[in-house]
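Pasting a structure here, questions to come.
To keep things simple, chains are lettered A, B and C as they appear, and every chain counts its residues starting from 1.
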Amino acid sequence: MYDAELFLPLSREEKTDAEMMRPSRTYWQDVRERLMRDKLAVLGLLVIVLIVALAVFGPVLSPYEYDAQDFMMSNEPPSGAHWFGTDMFGRDIFVRVLYGARISLAVGFLASFISLFIGVIYGGISGFTGGKTDNIMMGIVDVIYSVPMMIYVILLMVVVGPGLKSIFITLGISYWAPMARIVRAEVMRLKNEEFILAARVLGASPGRILLRHLIPNAMGPILVTLTFSIPGAIFTEAFLSFVGLGVSAPMASWGVLSSDAVGSLAIYPWQLFFPAGAISITILAFNFLGDGLRDALDPRLRK
Amino acid sequence: MLAGAKRGEVIMLLKVENLKKYFGNIRSVDGVSFSIQKGETLGLVGESGCGKTTTGRTIIKLYEPTEGRIIYGGQDITSLTPDEMLSFRKKIQMIFQDPYASLNPRMTAGDIIREAMIIHRIPRDEQQDRVNHLLRLVGLNSEQAGRYPHEFSGGQRQRIGIARALAVEPELIICDEPISALDVSIQAQIVNMLEDLQHELGLTYLFIAHDLSMVRHISSRVAVMYLGRIVELAESEELYASPKHPYTVSLLSSIPIPDPDKSDSRETTALQGEIPSALNPPSGCTFHTRCPKAKPECSMLKTQLADTGNGHFCACPFV
Amino acid sequence: MSFFTSAGEVKAVNDVSFHVGKGEVLGIVGESGSGKSAAVLSVMGLKGSAGKITGGSILFDGQDMNSLNMRDIRGRRISMIFQDPMTSLNPVLSVKYQLEESLRRHHWKGDIHARALEMLERVGIVPASERIMQYPHEFSGGQRQRIMIAMAMICEPELLIADEPTTALDVTVQAQILDLMKALQKDSGMSVILITHDLGVIAGMADRILVMYGGQVMEQGTRREIFYSTAHPYTQGLLRSVPNPDSPKERLIPIEGQPPDLLNPPEGCPYVKRCPEAMRICLHRKPENISLSDTHSYSCWLGQKGVK
């Protein structure tokens, strides 16, 4: 019925071949693959890349200067020459929105990276040390968190005056607090895991445990928080500029452009529409990306 | 000082005296004393919450002892500072329970093993050879050094954990339930490997577990813990053949036997109730609330481990 | 039955057939990934959003389960207890509510409260009339598992499925729970499927045993047939890898190698890579089932080695 040949014993090699042949994949390769499968997140990422590229190269390529006034062409509607129309001084709104993107994005990224830096170190130390130190450090965060941002703004207006500098200081003071809380919570969760105990048993220093073990494993939530904090900072800058506490003319941020356009909203609605639209699209894109990242990093979805 | 000892001579490697560890009001370890000789395996068994894991972690100074002394190779290490402790970290190592939680998921197997060498300043050019050697020692191959923990099976991960502990060439390894999270067929692989490593490298083990039949297999002596205290300690064969303490008797009769006929013919004395809380342990002999032989005076008795001959210690005075 | 994960289709159970007689305790033994739970979860129609039954049928009391209303069957005629007593009870509802809920749902005829008290007393939670008002956090792990058993048995089911019911418990508590389950099964005459990885538990509890590996049944037979006339190399390996109580110091004989990768299962016998007896034919062809007696059968090419 069967060939006797088939009943010969298997050699050791025949048994061990093809074991562990699946290609090695790191956690981040997995994350990237899952992220790339999320259509909204990819769309968000593409939009962000496009906006950044336009902000960097757009103004150079445009025939208009952001502060070049042309009174013959004031309050023009969108056309072939001026894609987004012009404002009351005849300045090209397209190039001003692109130029505003530079300031808005710079504020968003810079404020978020400062908050990342301070928040991760502060939260990491607080969570890892625990006990009294943790109580005091988190008490300070609570205080910073509970003071409304407007109070910092008003104080800084008096001391420093309006402008980019006070926006950065405002964001710098208040933005790292949520990041510190998230990092602390992650570190608290991880620090009793057995691989941390193993590192302690080997004699690893606290700094080494924090940098080599705790923070790399908290990177997921840190990245998500960072992604969500960028649009937050952009919006805050827009808001501060809108109420007149931000950059001043002829510099243009999206908030300033929106603010300038409000007066003539009834007659020239496009002057508000384009900068406000830019803010919305950017914030939406970051939120799509943040949502996608959160799903892609969620260990519960991992096999 | 250890190296100068003669063959066959009994050397005390670790001595624990009246060790206590309280977490707030929880008396996790409440006066534990024992010693381990060089080259032996001391089994430490008990049910969850009896303090066996805390005992292991306190000895290796993951927790600060509340009271008592830990003496290693003749030197008191109870109150060493972290810097002074570093040289002892090379001598005492630990293997953990959960092969999924005990390896950093963001590091490769090679980096996990290499970390100990970096901390203890082993020259960089020696590191790779030693990583490869250690991987082979635990039955893996050096091509697997670049893989991440999630690419290994549970048994393989436990092997990586063992290689990490061996990287500093320790004398004593505290094995904290090293096989309880593994499948039956893999448990035997790991136990055999631990035994082989012990012979090859002259290791000493403190083997913490709740699987009494595996502890019997691997240990030369066994200590039984209940509510933070050792209730019985004896040579492993002696303990299993003629247990004295009523708790040990019930514990041994509760192990399911993988043999239908023996299982049917066995007299079981299922213990009543469950382990009381360590927050508010019973007075006197802490076992009196569940003991089948309890007498009225047991609730007031101050029990202590006493030698009943042949190195068989028991905390119950009525045996 | 298959599970779909992000990494692909995992075949949890492949061509598994078994039966449970009335009043019988069927033990299913296997290691993690053997498919022992998946086989039985599909009986209950509980397989999660990722699971899918890709073929086969399940008969209960002579009827096809697909034609029966699972909501009526589940909890009433077939019930289940799970491994973790800490998460199986709802923490915000009293024990009384949780016990009586099942009776109400299945239109129990008679005094609901009296039945709940009776059951609680039967599983050894006393004084039942006081303790029934308490919430899950007021009970210890062993007591919660007793309550789970009371809930599972309150509607007098014909079949109880116990998925690793004592794995999370300490040995002394495990012994209590096993004694209780044995007594309840004898009294009520119900059938039990006991899933476990513990050879000791299965030796003491089961009438018949099913040994699973890599999603397939390797061997089945009565408890004595499995332990004393072991036929399959996997079962032999499993029994050898625990210490022998008669000579505990003897070196263990482990099963070499690692469990099979379920994403990429071997074509032939799932045990081929670890089997000391493996032959060429085992690599590519699934072994046929060989009967040794009315109750004892195994799937292995060794049985056909001499056949030409």
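FYI, a contact is a pair of C-beta atoms (placed from the backbone, for glycine too) under 8 Å apart; a residue touches a chain by one contact, two chains touch by 3 or more.
All values reported here derive from a predicted model rather than from experimental measurement.
With centres defined by CA atoms alone, the chain at the far end from chain C is A.
Among all pairs of chains, B-C has the largest number of C-beta pairs in contact. As a whole-number value, the distance joining the C-alpha centres of chain A and chain C reads 49 Å. In terms of their C-alpha centroids, the spacing between chain B and chain C amounts to 32 Å. Counting partners per residue, chain C has 258, 274 as the residues that reach two or more other chains.
In chain A, the residues that touch at least two other chains are 22.
In chain B, no position touches at least two other chains.
On chain B, the positions that touch chain C within their shared complex are 47-48, 153-156, 183-189, 191-192, 195, 210, 212-214, 216-217, 237, 240, 250-251, 253-264, 268, 270-272, 274-275. Remark: chain C residues 5-7, 257-258, 261, 263-264, 272-274, 277-283, 301, 304-305, 307-308 touch chain A in the complex.
Chain contact summary for the complex, chain A toward chain B: residues 20, 22, 24-27, 193-195, 197-205, 208, 212-213, 216-217, 219. Every residue of chain B that touches chain A in the complex is listed here, in rising order: 57, 60, 62, 85-86, 89-90, 93-94, 96-98, 101-107, 115-116, 119-120, 144, 146-148, 150-151, 161, 164, 168.
The touching residues of chain A, when paired with chain C in their complex, are 1-2, 4-10, 14-16, 19, 22, 34, 301-303.
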